[in-house]
Amino acid sequence: MSDRTETTHARTRRLPQINPVWLLLAALVAGIILMNPGFVEPTGYMNFLKRAAPLAILAAGQVYVITSGGFDLSVGSLITLVVVGSSMLTNNDPAATYWVIPLMLGMGLGVGVVNGLVVCFLRVPSLIATLGMMITLNGLAFLWSGGAPRGYLPDTYRFFGRELVRDVPLVGFIPVSVIVLFVVVGILAWLMHRTNLGRQVHAIGDNPVAARLAGVAVNRVRITAFMLSGLSAAIAGILLGGFAGVSTDVGSGYELQAITAAVLGGAQLLGGRGSVFAAFGGALALTAIFTLLNFLGLPQPVRQVVQGLILIAAVALAMHRRKQTGT
Amino acid sequence: MTTPVIEMKAITKTFPGVRALSDVSFDVRTGEVQALVGENGAGKSTLIKILSGVYQADSGAVLMNGKAVHFRHPVDSLRAGISTIYQEFSLLPERTVAQNLFLGREPRTRLGLIDAAKMRDETKEVLALFAAAGRIDPDRIVGELDVATQQVVEIAKAVSTGARVVVMDEPTAALNEAECEELFATVDTLRERGVAIIYITHRMREIARLADRVTVLKDGEVAARFDEVPAPNEIVRAMVGRDIADFYAPPASPDEVGGLVLSVRGGGNAVLDGIDLDVRRGEIVGLAGIQGAGRVALARALFGDAPFERGDVTLDGDAVSFGTPRAAILGGIGLLPGDRKSEGLVLMQSVRDNGMLTSRAFASLWSSDRRNAHSDTVRMDGLLDHMEIRAASYDQDIRALSGGNQQKAIVARWLSMRPKLLIFIEPTRGIDVNSKAGIYHLMRDLAREGAGILMISSDLPEVIGAADRVLVMQAGRIVAEFPHGASEQDVMHAATAESEVAA
Amino acid sequence: MSGSEGAPPHKTKSGFRLERWAPLILLGGAFAIYVGVVLATGQAQYLTFDNLIAILGRSIALGITAIGQTFVILVASIDLSVASLISATAVLASVIMDGSPAMILPAVLAAVALGGLVGLTNGLVVTGLGVNPLIATLGMSLIIQGCLSAFVSNFAGSVPAEFQVFAYGRLGPFPLALLFLLALACLAWILLRFTKFGSDIYAVGGNEEAARFAGIKTRRIVVLSHVICSVCAVIAGLYLASRLRSGAPWIGADGVYDLESIAVVVIGGTVLAGGRGGIWGTMAGMLIFSLIDSVFNVAGVDSFAKQVLRGIIIVAAVAFYAARSKRIVA
Amino acid sequence: MKRILMATGAFAVSVVPLHAQNFDDPQEFAKQQEQLQAEPMGPEGQPWLQHIGGEMTETADLGLEAPATVCFSNAGVNNPWRVVGYTNMMQEVANHESIGDFVHVDAEGSDDKQIADINDLLAGGDCDVMIVSPNTTAALTPAVERACEDMPVIVFDRGVNTDCPVTFVHPIGGYGFGIQGAEFIVENVDEGSNVLMLRILPGVDVLETRYSAGRRILDEAGMNIVGAEFTDGDNAKTKSIVEDYLMRGDIDAVWMDAGATAVAAIEAFEDSGYEIPVFVGEDQQDFLRKWQDEDLTAIAPTYPTFQWRTAVIAAARVIEGEPVPAPEWVLPQPAITQDELADYVNPAMPPLHYAMCGCESMENYPDAWGGN
């Protein structure tokens, strides 16, 4: 590289760069409003945010693992396990919520630790390691409940996913899950972009060998990334269980949606780049696509096709931009 | 002299925002070695890539034996008889020597299947040209060979195509002296056989040893053309536009050398044995030796990457035993890896992030990335400024910087840690002449500030010129020691003497 | 660290390379467990020739798919669209045949054409647009599944008895499909081991740039590998249509052929990063899966516990030879 | 790419209606409507032993000796309905001394695997009688045919396209289910009311027939069907869909083709601050409890899990050489109404337990079903 290329890079770099996911989201929201003017009412957009909350939280966690260079396919079945497990443990007792929720969060962290240990010390690529974990957790959820969860989730538990905070100025009401969403995404974004953890997650995804030789505790950072992903899945599970109650396949399909959302937000597969906010935007955009297609009265198959096309187009576009700017 | 095999006329090539070559003319004749020199970014690689069909020129012409040719793909040039050996090995570690040699042009039987027997025989024939390579089994997996042998295979691969023009892009970058000699012999053989050789290098000694003619590029233009090899100074002046008087920093004066920083007694592991090593505050110790002599293994052992299994190490008076690089860094050792791209840099991150990587690695994961016990963003920026890193902004990705500037950012990474011992592996590999001097002076400054420096380099003049003492390694042991300014011949002899006897 | 002199990590010159034998060792282990369980539960009738043949024939569709998946993984790509493609071709073939023997050939041709097209598109999106293969084929999978379910929601069409020979016919004691799988595996082996195309595949997977500079049209190789993978998925779809007598839009997804075929290939010792591995490893991987299933059935393992064990086994099998590598994985 | 898939798809569409199973068969509709009214034969209060239609077949000539080994190829236990049914089955097996070993293989919801399972069972050579719960009708037919050559086969839940099994045990069917719910709606709301129809998945035979029957009755009664949506059986999605419909207008009744997500649908009304309309659910405990607690106007048609008991009973009779209803053993399919609600609600049972299990009097009730 000659020094002269630096200046050209500098020029393109200084252009204001808006992540295209926000433009996509804006366009989609405009479309939704066109189809359904009620969307501008608090009921409209709050319902939307409430619906997007589990996926957005999941994507914010997934982006840690993706940025660190891996995948976490186990989050979907972890959600199922959290919901089923909560129902088994609370067993209709409202007081149980206070220890069940911390326990579930702990379980999410624990699954992350196991994922991380398998990848770091058994050297199993995360695609396979978390695929195995996905199958195992799914089996565990069934094994634990015998196929049919035993308890109802008490209202205390469902508070986070179902209740509203009323009489809020300006917007009227805020679903508790939306508050959880902003708090969690805020914390994860701060961790990713303002702390040593985030920088090192980037570093190990970018070049693990260099990171190790520079003294980065690669395994610790990688395991932490998996833990945060597991934790976010546990939180998403608690919100989903709260929103919709017990069922045995709550989480299925969420792992790919979370990866899709992160990728829509410009996270680079195999590591080195990723933004929590953009993944959050990606999750909102994905939910907005689904909502819009619903309003258009398009059936499920069409939604799949559109999701597939957007996924490919988003990455192709990102590659194209990267090629153009040479970064 | 005969007519040129290759004649490149008035080549101009522009990349978005950069004019890489303007009006460059260049030719090479059969049976000669034409040295192509110039700083990084001067346009050597671009010129070669145009010749080999990786890039297309915007204007100008390439003539082969007087006829205009247009290479649109590396294959085109390969078919025309131009074979290029790139700096990075292009061998497949999982395949055999024969499979690598015939990659992309495997002989086939009448059934259309690969003719493995013929491939093996022809491989043996080609390898027989090389002294050292005659014993290589064509069925060996390349990944199991050592680096030098791989380099031979790489060259054999180029020769086996029956090329009439061979381009070598810094072929000695990964070789030690003995291997270099072997390579030079190979080049001589090729020349005798009437092959035209374009030889790119940074090393003046190689030019003197090999070249028939020299072309110097600077800023995308031909700065000088010599029909006979001139004095090195002349070439350097053409390359950089001035003399470099104080290329190496002056050696340490006796009062600058302080107490022991590092002391190893009887260190050994699977590769090393009986290592006794002392490094003092304020001195630069150079490690010389041939490929596989154990220099990098010694660095890895000190750095906890492939630790000693026996012996004692004291660092600053304390007995230590480092099992991981992290532990070694915590103990006060720093290491600049030999391969910047694959071992040193996190390319997609900013210059500042690269500089702060290590200091952040030793702070709490959960605390702010702007400030930690060892550094903060303001201090890091100051450090980067001080080292005169040329970057549009420290927020820009480090991948856009030149090799020298990248290397400085890695040095900055260690400066904030204030290491007691700093190990440099091939500190100037792939760095242009101007920046090299910068790195030598930087090393000297660090030593003056009280650090002990251990420097490993395959560039013999560099080790001798930059180090206060030179230790020579052979077969995992330290076999000799020389003071600053020793003769290359003596060092060379110490590095190879016993192995010659053994062979 | 490579440095100027990487310490020689390969002290064992051309000696025993575990990764070469790992699939066979795993297969032997799986078989030993099977025999052990059969004997321990006193069900020696499960050791008959018929039964062993039945085990070999358990996962034919998975085996065929995995052969194709081996090609894409060898060139460091991956294909997640095989499951949807299996469904699509099973439906397409069964609808075109619609019980008529005369339509077998057109149906097979149409299915292969569809597969070729999907593989071509996958390959071009990966090479031309530079989209990560995981995303490209995941997107393709969604598109195929969406298009398919837009038009068909149940078993559609039917397969004539003549075509059912594919799945149910026997040649002596051997099921025809098993022999077909064996033939396909041999073909793939010859292709990889003895042709220039095979050599190019390993080159592209091992070092894409080196392959390009050696004059190999790397993009074409990647695209071709994707086409082969898709055509194998098509064959698996045809086999399933023959076996199920009809095609339904869920048979691919129900069999989890996408992720399982990848797991089979990886357990068979082919590296996700490309350039190393082979067909017989994949076949060993397939047999390991069949044996695991059979062990579970013989031992009467609860179906939920089965899942738990299967997940652990996949990870453990890959860890078996990955664990000793020094490379940092993510 | 897309266009070609569309084209092939369009081709498929043009062919499918001619040959695919017909899910809107007026004859079958009428037959099931009639069966709902019929008085079943057999002991009263034990619907799993009852049958509609009087044909029987002798089994003494099959020449089996007790105790015999019964092998069961299960499509899967991948949803709560199958879990409850499978528990019924295992408990019922314990009641029969004539059944020696009971071998169970589970195909985990894959046709291919179930075919392989049946082949394994046949190759093992241990089975005397085989019970099959097919994953899909068409795909399993050849495997069942092969099994028939070796031993008596009993099929339940879904059928196969062959009459070789001794009998096919099943409740009245999907049309019946659809009829019961839709008629309840017609009785309880005015003509022209807004009805939302929620469906699980397209293409599943038992669900398609429920829908076509329900749709037929609602259309004939002049209801305004505001939408028919697929929920994937996903609670969150169900809730979202209902919320979206509520933003657009009132809903007077909700018809569902299966009750798994009924409570989520009800919660959508509650959470959006609407009255809960007339509801068609199913016999899962969570719905029944919600119904009782909120005093809904509702009905719970059932697809009784007690058929899993009946399949075992049929196998035992075959071993013992007793006659069984054949070629089909049609079981009654009662709907739970307001009057019987209290009999079926049981807070001790898990939320996803299916109340119409016919298992209350069995030995290990409620523990084996996960109750307290």
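Each chain carries a letter (A, B, C and D) given by its place in the written order, and its residues are counted from 1.
Just so we're on the same page, a contact is a pair of C-beta atoms (placed from the backbone, for glycine too) under 8 Å apart; a residue touches a chain by one contact, two chains touch by 3 or more.
All values derive from a computational prediction rather than experimental measurement.
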* Structure fact -> The chain pair with the larger count of contacting C-beta pairs, comparing A-D against C-D, is C-D
* To do: Farthest from subunit C by Cα centre, which chain is it? Let me know.
  => B
* To do: Just give me the whole-number Å value for how far the CA centre of subunit B lies from that of subunit D.
  => 72
* Asked: What whole-number Å value describes the gap between the mean CA coordinates of subunit C and subunit D?
  -> 35
* Could you state the distance in Å from the CA-based centre of subunit A to that of subunit C? -> 30
* Asked: What are the residue numbers in subunit D that touch two or more other chains?
  -> 2, 77
* **For subunit C, residues that touch 2 or more chains besides their own** => 1, 143, 147-150, 303-304, 306-307
* Structure fact -> Among subunit B residues, those touching two or more other chains are 305, 337, 342-343
* To do: Kindly provide every pair of chains that touch.
  => A-B, A-C, A-D, B-C, C-D
* To do: Report the residues of subunit B in contact with subunit C in the complex, numbered from low to high.
  => 73-75, 78-79, 84, 86, 88-95, 99, 103-106, 108, 112-114, 116, 137, 140-141, 143-144, 146-147, 174, 176, 270-271, 289, 291-297, 299-300, 305-306, 337-339, 342-343, 425-426, 429, 456-458
* Structure fact -> In their shared complex, subunit C is touched by residues of subunit D numbered 1-2, 4-6, 8-13, 15-16, 19-21, 74, 76-77, 103-106, 108-113, 115-117, 119-120, 123-126, 136-139, 141-142, 202-205, 208
* Contact set on subunit C toward subunit D in their complex -> 43, 45-46, 48, 50-51, 54-55, 57-59, 61, 88, 91-92, 95-96, 98-99, 110, 114, 117-118, 121, 143-144, 147-158, 164, 168, 240, 243-246, 248-251, 254-255, 293-294, 297, 300, 303-304, 306-307
* Contact footprint of subunit D on subunit A as seen in their complex -> 36, 38, 43-44, 47, 51, 54, 87, 142, 145-152, 162, 240, 243-250, 291, 294-295, 299-300, 305, 309
* Note which residues of subunit C are touching subunit B in the complex, please. => 1-8, 10-11, 13-14, 190, 194-196, 199-200, 202-203, 206-207, 209-216, 275-276
